[in-house]
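We just call them A, B, C, D and E in the order they show up, numbering each chain from 1.
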Amino acid sequence: GCSNQSVAKRDVLSADMKSKQITWGVKSDTRLFGLENIRTGKLEGFEIDLAKAMTKEILGKDGKCVFVPVTSGTRVPLLKNGNIDAIMATMTITPDRAKQVDFTHSYFDAGQSLLVKKGSPIKNIQDLNHKGAVILGVSGSNSVKNVAKIAPKARVLQLSDYAQAMTALKSKQGQALTTDNGILYGMASENPGYEVVGGNFTKEPYGIAVNKNQQRFRNKLNWALARLEKNGTYNRLLLKWFGNVKGFNYQEMKR
Amino acid sequence: MSMIEFHNVQKYYGKFHALKDINLTIDAGETVVLIGPSGSGKSSLIRTINGLDPIRDGQLIVNGFDLADKKTNVNLIRKDVGMVFQHFNLYNNKTVLENIMLAPRIVLKRPEEENRELAMQLLKKVGLENQAEKMPAQLSGGQKQRIAIARSLAMKPKCLLFDEPTSALDPEMIDDVLDVMKDIAENSNMTMLVVTHEMGFARAVADRVIFMADGRILEDDSTAKFFDDQPSTQRARDFMSKISGH
Amino acid sequence: MQNFIDAYSWVNVRFLLQGLWITIEISVASIICSFIIGTLLGIIRYEKIHYVSAIVGFIIDLIRNLPLLLIIFFTYFGLPNIGIKPEIIPAAIMALTIFESAMVAEIVRSGILSIDYGQTEGALANGLTKWQALRLIVLPQAIKNMLPALVSQFISLVKDTSLATIIVLPELMYHAQIIYGQNTNYIIPMFVALAVMYFIVCYSLSLLARYLDHHMA
Amino acid sequence: MLEIISSQWPSLLSGLWNTILCSVIALIGSLIIGTFFALLEISKYKVIRIIGSVYVEVFRNIPLLVIAMAFFLIVPMYFTKISGFTAGTIGLTLYTSAFIAETVRAGINSVEAGQLEGALANGLTTGQAMRYIILPQAFKVIIPPLGNQFINLVKNSSVLAFVAGFDLMYEGNMIANDTLQTIPTYFIVGIMYLIITLPLSYYMRHLEKKLA
Amino acid sequence: MSMIEFHNVQKYYGKFHALKDINLTIDAGETVVLIGPSGSGKSSLIRTINGLDPIRDGQLIVNGFDLADKKTNVNLIRKDVGMVFQHFNLYNNKTVLENIMLAPRIVLKRPEEENRELAMQLLKKVGLENQAEKMPAQLSGGQKQRIAIARSLAMKPKCLLFDEPTSALDPEMIDDVLDVMKDIAENSNMTMLVVTHEMGFARAVADRVIFMADGRILEDDSTAKFFDDQPSTQRARDFMSKISGH
């Protein structure tokens, strides 16, 4: 165990209250959720907006958020090392992960789906459960783990990011690309020759991860999330980011 | 019959004029010694003869082939014109025996049996028959040079060029090499052109002595004239008085 | 084709250039640090100081034999465990410096060995101490001999900064990823741009080295 | 740490195997290609020399990651489908071959000019001199730097992780992501790399001393 | 007063016994020539004197310092004992003038003005006053060696060691170097120990001639005895007959 005593002992909530800022680990390369705007250099996306709103909720009007870009590979070690206070980076709540970190309630109920070339014989995940089938995913994401369970005979190739996975799909390195539906719909809209098929075959509830032994902080985050859901902020952000995504039924996700 | 003919040969290194208007004829079977101060062009001259260095202008005919002609295959000349270098240039990755047998095998396609026999004979001639399996690095300078001579002889050349064959040797090894060279000069009708400062050797075996300075041939005398009378140029007399005794 | 035209919009190119600038800054900082540290380590290793040289040598060997990717992970994720918590850019510079110093140390050691020992003997016999001989006579000559190896090492360093995208260092490669994150169709134009930009930087470095080599007496 | 090893050793071992396989293939390939381009670079003809040095400069000055990606993503789009392992191995081969070309060229140049002259004067052609005299000596000189190239190659093979090449680093990333035990996982991966590279580098040092 | 004293000195390279039981005393002001076949240990002997090579056993006292004693600071000896090498070992990264001025500046802290003056004086003495700003690579071997001698002299040593100072030189350059050495031997009271095969030089300036073979001193004769009578050992007589004339 390489856990760090000082990080474990530190009470994140009171420290953040005192410094009036929360440090969030967020995605910087994922459309709709967290992506750097190359004109302004600022991060933008649903998760970014939600993190800002939650920060204000917890720390008040003058509360500040600091965003640290993370990837699926770096988010947990950064949290454990104390570089960041919380992760809001398309992280699916799973029992395995819950052993390492604590999750808040889900703040976004994604589901996993498939992106294929239009006209492909593949209609759902079961069509891929045979030897020789190759599914593309992004390393560190929960979706690749799910595929291994649901279509164990298929081979999964894990790439560094969605664009690489999408390009690999175009290069026929695999028959289908799997990840969470929101991301897939975004890619389908840029690439007219491709479509999302088969509906959601898993539930992927995204949660905010905090370190173990930070119950007070987690509770506070849950409390803030609930308030935002109640006062309509949550739905407003959902509309802002997913209202125009073709094929994505954001109405279902309203809270 | 002449083995080597220089007609108005000019040689340059870039802009530097290394050989100036060389005219020289060496007949088959002659032994010629070439002397001169450092940088005078002795090596340059000798290296043009087997095409290691190109000439700019003039005519150079060796063993009947015209070296100034681009179409001439220098390998045909090199088969018949051997060369012995100051620093031996033995093949470091081959045994002594292999050093001698390699070129005859792949250039002359000499049968293996015959090749080995001749090589051993040559080793005996240079007094090193028991060193056949050694690597060059295990030999002293004097031994290396004798192997280099044997390697050249194995090609049965008509002409041998020597570029300061003893000047990298410890003094007590020089005689062994000179003895081999004397033997060749006296007991074969090889054409020999030798750059050396060993005046005792020159006197004993050379038919002619050529003196160069600044890229020009200043003297081309019979051995008797050069040593017993005196060189005709002041330059050559100065040079001789400087090197005498070293 | 349209993808290329769109991908190379001024906004995107400017963003790439910003990334390139960070790449250059980080490379220069790491080159300077690793040159100083690597030279010291190389000398320690060359001098055969009891124990010290052996230990330094062993650490250098460990580092040299690990993929840089792992060194980056260990620096960024491992160091906080011993109480050092560098920001991303210092962390990247540290990781590169640790790795490249080990490489430079070996170059320096063999550079020193490449200088004829007669140079040292001449200096010793002339009354200089070992250190004076090393500093005044041997090292200046060794640096010249080392230049080609050093430059190719530094070219590797520039290219290697791209590996630090893995910890989200905002350098050139990362900026390209952000751009093609906006639109997956931009990925190939971005890789082409990456190849060209890295090539220009690295090749200029080797031209510089060639220039120095000719103009250093 | 032990639990990672015990639960993940099949993937670690298969990763190790792929890393070794890729390194060996890339080594052989890059030796052949590198020697070929080294010979081009020392040719008498300017055009051929330029072809040689363009090749070397291009592959030396572009990050391996970019080269490997190009083979993984672009080549299949226009030519033929290749797996991540193949794409990575090809990329690694070409990248390394540029360095090997430089090493071989330096090796050839380090054989004293006298060796070539001796062979030419002895009647051999330039090609024969290369084959029998120069290259054998050059290879002896370059064994230590080649060893270092090989160690670099093993380390660089970690680029396969970016193109789903199922090498040691790829498996390490997977395990780290699955177990979220980042540092212990990479520690194990590091040791596995050292198992390949450390003995190699000590052997190279030994050889270097022996040949010196 | 003695400058150098060897008492039963033994030297090894690994297991190889390079100097066997050396006993030798050289007085201040003496000029001694050391000869012997290759590998006999001449370089080894001379290099122990200024501590470039360590001795295993025995006593070696140079200028009053005991070299066998670990506590002796060899730098104190080297200040007063200069050395000239076969391959010159000039500082390749410094100009001729800097080569001469460097050690006096940093070892003796000689004032810059005085240092430059002396350096120029020495350059004049060795006949190279117009080469001060050249780099070593631009000089001929003979020039390099004269600079190396000037560099040693700039330290104003009490003793100078020469290890085959002319054997890497072209023959016509040898005299220039030997002339400088003769000048030192005759016009200063420097102690000189010279390894050389130049018998003319030995005869002209040496007080004593020492002959070594196989790591032992076989002869230690006055110059007159060695050259005019004959060396007493067969080994030395053989050697002399072999090298005479080269």
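Throughout what follows, a residue touches a chain if its C-beta (ideal position, glycine included) is under 8 Å from a C-beta of that chain, and two chains touch if they have at least 3 such contacts.
This one's a predicted model, so the numbers in the text were calculated from it and none came from an experiment.
A.B. asks: Which chains are in contact with both chain B and chain C?
C.D. replies: Touches both chain B and chain C: D, E.
A.B. asks: Quick check: how many Å separate the C-alpha centres of chain A and chain D?
C.D. replies: 38
A.B. asks: Could you please state the distance in Å, as a whole number, between where the Cα atoms of chain A are centred and where those of chain B are centred?
C.D. replies: One centre to the other, that is 82 Å.
A.B. asks: Which whole number of Å gives the spacing of the CA centres of chain C and chain E?
C.D. replies: Spacing between the chain centres: roughly 46 Å.
A.B. asks: Once you find the CA centre of chain D and the CA centre of chain E, what distance in Å lies between them?
C.D. replies: 51
A.B. asks: Give the residues of chain C that touch two or more other chains, as numbers and ranges in rising order.
C.D. replies: 77-78, 81, 187-188
A.B. asks: Where does chain A touch two or more other chains at once, residue-wise?
C.D. replies: In chain A, the residues touching two or more other chains are 2, 73, 77, 164, 167.
A.B. asks: Using the touch rule from the top of the page, what pairs of chains touch, sorted by label?
C.D. replies: Every pair of chains in contact is listed here: A-C, A-D, B-D, B-E, C-D, C-E.
A.B. asks: Which residues of chain A touch chain C in their complex?
C.D. replies: For this pair, the touching residues of chain A are 2, 4, 6-7, 28-31, 35-36, 38-39, 68-71, 73-74, 77-78, 81-83, 161-164, 166-167, 187, 190-191.
A.B. asks: Any idea which chain B residues touch chain E in the complex?
C.D. replies: It comes out as residues 37-38, 140, 166, 170-175, 197-198, 200, 239, 242-243, 245-246.
A.B. asks: Quick one: in the complex, what on chain C touches chain E?
C.D. replies: 116, 118-119, 121-129, 132, 136-137, 140-141, 144, 217
A.B. asks: Which part of chain C faces chain A closely enough to touch in the complex?
C.D. replies: Interface residues on the chain C side: 11-12, 15, 76-78, 80-81, 83, 85, 88, 166-168, 170, 175, 177-188.
A.B. asks: What part of chain D is in contact with chain C in the complex they form?
C.D. replies: So the residues of chain D touching chain C come out as 57-58, 60-67, 69-70, 73-74, 99, 102, 151, 155-156, 158, 161, 169, 182-183, 186, 189-190, 193-194, 197-198, 201-202.
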